[in-house]
Amino acid sequence: MLVVMKPQATPEEIQAVCRHIEQLGFRPHPLPGAQRTAIGITGNQGQVEPASLEELSGVAEVIPVSKPYKLVSRDVKEDNTIITFPGTNATIGGRDLAMIAGPCSVETREQAFAAAEQVAAAGAQFFRGGAYKPRTSPYAFQGLGEEALIILAEIRERFGLRIVTEAIDNEALELVDQYADVIQIGARNMQNYSLLRAAGRKRKPVLLKRGLAATLEEFLMAAEYIMSEGNYQVILCERGVRTFADHTRNTLDLSIVPAVQRLSHLPIIVDPSHGTGKRNKVIPLGRAAVAVGADGLIVEVHHAPDKALSDGAQSIYPEQFVELMQQSSQIAAILGRNVPHGIEITEAASVAH
Amino acid sequence: MLVVMKPQATPEEIQAVCRHIEQLGFRPHPLPGAQRTAIGITGNQGQVEPASLEELSGVAEVIPVSKPYKLVSRDVKEDNTIITFPGTNATIGGRDLAMIAGPCSVETREQAFAAAEQVAAAGAQFFRGGAYKPRTSPYAFQGLGEEALIILAEIRERFGLRIVTEAIDNEALELVDQYADVIQIGARNMQNYSLLRAAGRKRKPVLLKRGLAATLEEFLMAAEYIMSEGNYQVILCERGVRTFADHTRNTLDLSIVPAVQRLSHLPIIVDPSHGTGKRNKVIPLGRAAVAVGADGLIVEVHHAPDKALSDGAQSIYPEQFVELMQQSSQIAAILGRNVPHGIEITEAASVAH
Amino acid sequence: MLVVMKPQATPEEIQAVCRHIEQLGFRPHPLPGAQRTAIGITGNQGQVEPASLEELSGVAEVIPVSKPYKLVSRDVKEDNTIITFPGTNATIGGRDLAMIAGPCSVETREQAFAAAEQVAAAGAQFFRGGAYKPRTSPYAFQGLGEEALIILAEIRERFGLRIVTEAIDNEALELVDQYADVIQIGARNMQNYSLLRAAGRKRKPVLLKRGLAATLEEFLMAAEYIMSEGNYQVILCERGVRTFADHTRNTLDLSIVPAVQRLSHLPIIVDPSHGTGKRNKVIPLGRAAVAVGADGLIVEVHHAPDKALSDGAQSIYPEQFVELMQQSSQIAAILGRNVPHGIEITEAASVAH
Amino acid sequence: MLVVMKPQATPEEIQAVCRHIEQLGFRPHPLPGAQRTAIGITGNQGQVEPASLEELSGVAEVIPVSKPYKLVSRDVKEDNTIITFPGTNATIGGRDLAMIAGPCSVETREQAFAAAEQVAAAGAQFFRGGAYKPRTSPYAFQGLGEEALIILAEIRERFGLRIVTEAIDNEALELVDQYADVIQIGARNMQNYSLLRAAGRKRKPVLLKRGLAATLEEFLMAAEYIMSEGNYQVILCERGVRTFADHTRNTLDLSIVPAVQRLSHLPIIVDPSHGTGKRNKVIPLGRAAVAVGADGLIVEVHHAPDKALSDGAQSIYPEQFVELMQQSSQIAAILGRNVPHGIEITEAASVAH
């Protein structure tokens, strides 16, 4: 159920509708658009009597929603969601593409700083680096944990880069929320609903990776879990799906980008590193992702990939990242979009975070 | 690395080897076999100097292990793992097939008891029923939580059935461990490594369902996560994988049963309910699972499937379960196996649990 | 469009309806059932005016058919199609299971006779053996062609076994039709519509293998191509589909057996050799195929698999085939079916063929 | 086995080596490169004694080839294969991208000419249009056959466009070879080895579409079948593969473009129409295909898609094709490539063909 407010509805009228929805035992989700605000209604029971809402002041119409997803849908919010990072020029989902780069894992302070310096110089606005690594083997390197998060926070101070890093469980989530700018939920946890709900209770943007075998609907429903808890800042990420094809580690499904953009207002970016698993395919598929219309890229860059503790084979060299940035910028321009050159700190306070 | 003890090695010798392994900074996993004990060695670093171990008293040989899985492997433990339930005749992995049946979710006390009475009468030894449901939609019925666990415990008291139910996160795990006999990890959480580790620290058997897109190796490695924490009672479960085929909800991959049995000593059962998603396919595929050599079945049975809050379309009627039990019993006999008729409580104490 | 005749309709009435359909520019397909005859109507245009047919003598009702398949459907023919082999007791689709066995390729007269002698002794009624092999590489052994067909015909003379062999193009089809008892269309040619049509113009039964990525509907539509040309003796064969799973060469999809049996009157058998690609999985999956309700098995048996020119790794030994026959027979009995022991020639003429 | 000639080897020396290979009972395939000629050796037996070849005049070295594909491999021919169309400026595989456009099927002379006029005006050099349609249903429109081929030949005369059309069997192949400029082998026939061999005996370029479930190796081996018969002008085409994903008809696997380019000298183009099955995804995925480095696009364009007899839902409007051409041209420039504006007839004779 969706309540669409009149363009001229006042904040007070919107609040009154929300209170009324709560009194009915449901949960209101006010979603401001360019023209007017829509209020999504969620709750287990699913049966709302529209009549009582239609009569409230400032309400334009009440629309029953039949699709399983509500808050992620363009039916609820027509305009693209643009995620901003206060105190900086960085955005995700707007005209500017978001370029996120860095090593698979934070291995040492030196390694992370070396990568950060190079990706910042190449123009990335965001730094990625794993503190908690979900590895197939319990005996493989699992990440440095909070030690890595501290290094990442230092990188934000030093280079201004906004930090994207993965939370693998509720405990890690608390720490990631404390140190990072964007909370990543990995592909293997895309249907870890407990973690999705917990991320939904945070107020940092969440980067949600598509599961290895997730349909478009399941992907959107995972985002809906986060949004249903009140966190509307979700960034979707295509990172390859599992198929019979064996020339790449996963099959990068670029067609999901326009498919998501038709149905949802949420931004969607692409990970050509996990999407191919092979260094020599990252640049071509990264270019293709920009050309298909993605809102950004997340790329593994390592200053010495052959020595990486994880994912070395798919990490590109810093000079390759420079090339990818240049080509992405040129392709983006054709689509009327822009690859900004690096992060700008617009307020001193923001670095202190 | 695997230390194989001599058949005549004493418990003291085994303990001495374990202590030595710990002093080297690794973790020993003594795994007793019919003839002799093998000791698996795990630890992040991976480099053990075999010479120091070969000289210890009671050691027959030291074998380097190259496969990514160790504790799940027949290299470490040649004999089948047979999981027993003290105080009862129930086993999983031995000559007797384990028949696990019940509704998708525990909806009410009446509904659960109705199903339990009927599956117990038909000869099942185990009762399944969800207290925590991982649902694609945040707005769908999510299970009754602890209220359901209390009902399940009452069913154990009343019918003697051992209880299998899913834990979806660490919080639910604590409660499931307290109330149930087998902790289920669902397909969507097969690579939720944090949850796997936590389950590995419990001492109840864990039923691990194969992920929708999991390879055999990934499936075994998920079991390895649990075992690496010291819980060696893992039951694998095939429940269908995701493919292009659209005549069933998932494609039940029965070939993984003999594939697992070659590589691993762990029992493997089959879920024809989720594996097909269609009531009319549960009996044929259930029969096929027994014929392929599975160690048991887990089946959704509802006394009134059309009224089920979840998975009604794939739940069979109690009378269909009777038919499946009969046919399974006949097929099992051809393979030299047995479907016992129901649970027997061998000690009064066990019901008190 | 389907014309259902009254139970008491005379052959003359049926013929009159068929003539009327032809006059309308369509093609009639009379399909006799146990109770009454139905007449399928096919033709490119798709628009038939039912009124003119409903008025004809002997017509019970005219049913518009919305599914894309017609002649394969149980809507058109409710009773199972049972394919008989005149002069023998062999059938496919009836109470008796059809057991088809033999080497992947006919390599030499000695090799083929050695296999034939053993599979006949074990009780198979049908002999398989490739004369034309569709190989991934143009440089691999492609089969002996007509020389193999002559050997196969000798095997029929010598052992009474009915011959199943593949036609890979129209030229081979002419020869296979001349020498064999069942024309096989391979998985790679399942959508070679030109070959399907040509096979539809023959009057020998056609064994149609499911394509590697064929949905149930596409599989049935391929059979429809054959039937639309007037050859109603089609045997479907599941032989594994391509998925991400890598522990077997293909993923054997046994759920398609009950799915086909609900929708279609055609018999369906299973090939556990190609379905798994591994010798040690042929017996378990062969048993499972019988248990799921398949109408027969087609199995690769080689007297010396390690020397086979093709598919040696998935060919079982003759003694393994004996074991499979025994277990299949026992499982079939549980389902009220029968594995006859071998072929019986009921008329001298039939061997002369 | 591969014989690499010295850069200064004379045509006579090359011929002498070829004759020697033939005398050994094998088949030589001389493949001229920019620097020097390599001679591939094919033949069923596979065992060549290199010593006798190394001693011949002009031979630089003899290299055993272990990969299953030979003639398609860059090991045999390092330089890209560039296919030319005498009498025109059209090429496939060079710096210029090949833009192939037109309706799914030739339906009428008017419809085909309307589409041809518009795609020629937009700058395409090639016209596609089906005369023989492989349809899932035997009752669907199957194409106009030779009547369509005659219309296509008229379109070449009128607009200069080179003609690409599919051959579905040997009979159609003879006619397509007679009328068209490029023989298309469809996805469903990718492993119809009989048809591949027949196409290999023609001297027109062959456009080979990837099968729905074909691995990279199988795709290259299908091209090898054509080349092994002496036709070295093969163009590969990615057109989507079958996966679980249901938001597009097929999953377009753009990563195969750089994967093919590493292993093979053959050109590879992309079909975003079949690759997505949805009109609104053709332009974004077409752009992505150019960005990933494809050698061209093949696109379904219909002047009135809603009235198309086949594939209307995935055909784009002529004005959309103009937009795709413009964006492709801009992206190609970034990669140092070029989208030429339309076909130029360089010799009067060529139109007469």
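Order of writing sets the chain letters: A, B, C and D. Residues in each chain are counted from 1.
In the analysis below, contacts are C-beta pairs under 8 Å (C-beta built on N, C-alpha and C of every residue); 3 or more make two chains touch, one makes a residue touch a chain.
Being a predicted model, the structure only gives us computed values, none of them experimental.
Shared contacts of chain A and chain D, meaning chains that touch the two of them, come down to B, C.
The pair with more inter-chain C-beta contacts, choosing from B-D and B-C, is B-C. A turn of 180° superposes the CA atoms of chain A on those of chain B, with the angle given to the nearest 5.
One inter-chain figure worth recording: chain C and chain D are separated by 35 Å, centre to centre, where each centre is the mean of the chain's CA atoms.
Averaged Cα coordinates give chain B a centre that lies 52 Å from the centre of chain D. Averaged Cα coordinates give chain B a centre that lies 39 Å from the centre of chain C. In chain D, the residues that touch at least two other chains are 213, 241-244.
Contacts from chain C toward chain D in the complex involve residues 42-44, 46, 68, 70, 134-142, 168-172, 188-189, 191-195, 197, 211-213, 217-218, 221, 224-225, 228, 241-242.
Of all residues in chain B, only 213, 215-216, 241, 243-248, 251-259, 262, 275-276, 280-281, 284-285, 287-293, 327, 330-331, 334-335 touch chain C in the complex they form. Of all residues in chain C, only 242-244 touch chain A in the complex they form.
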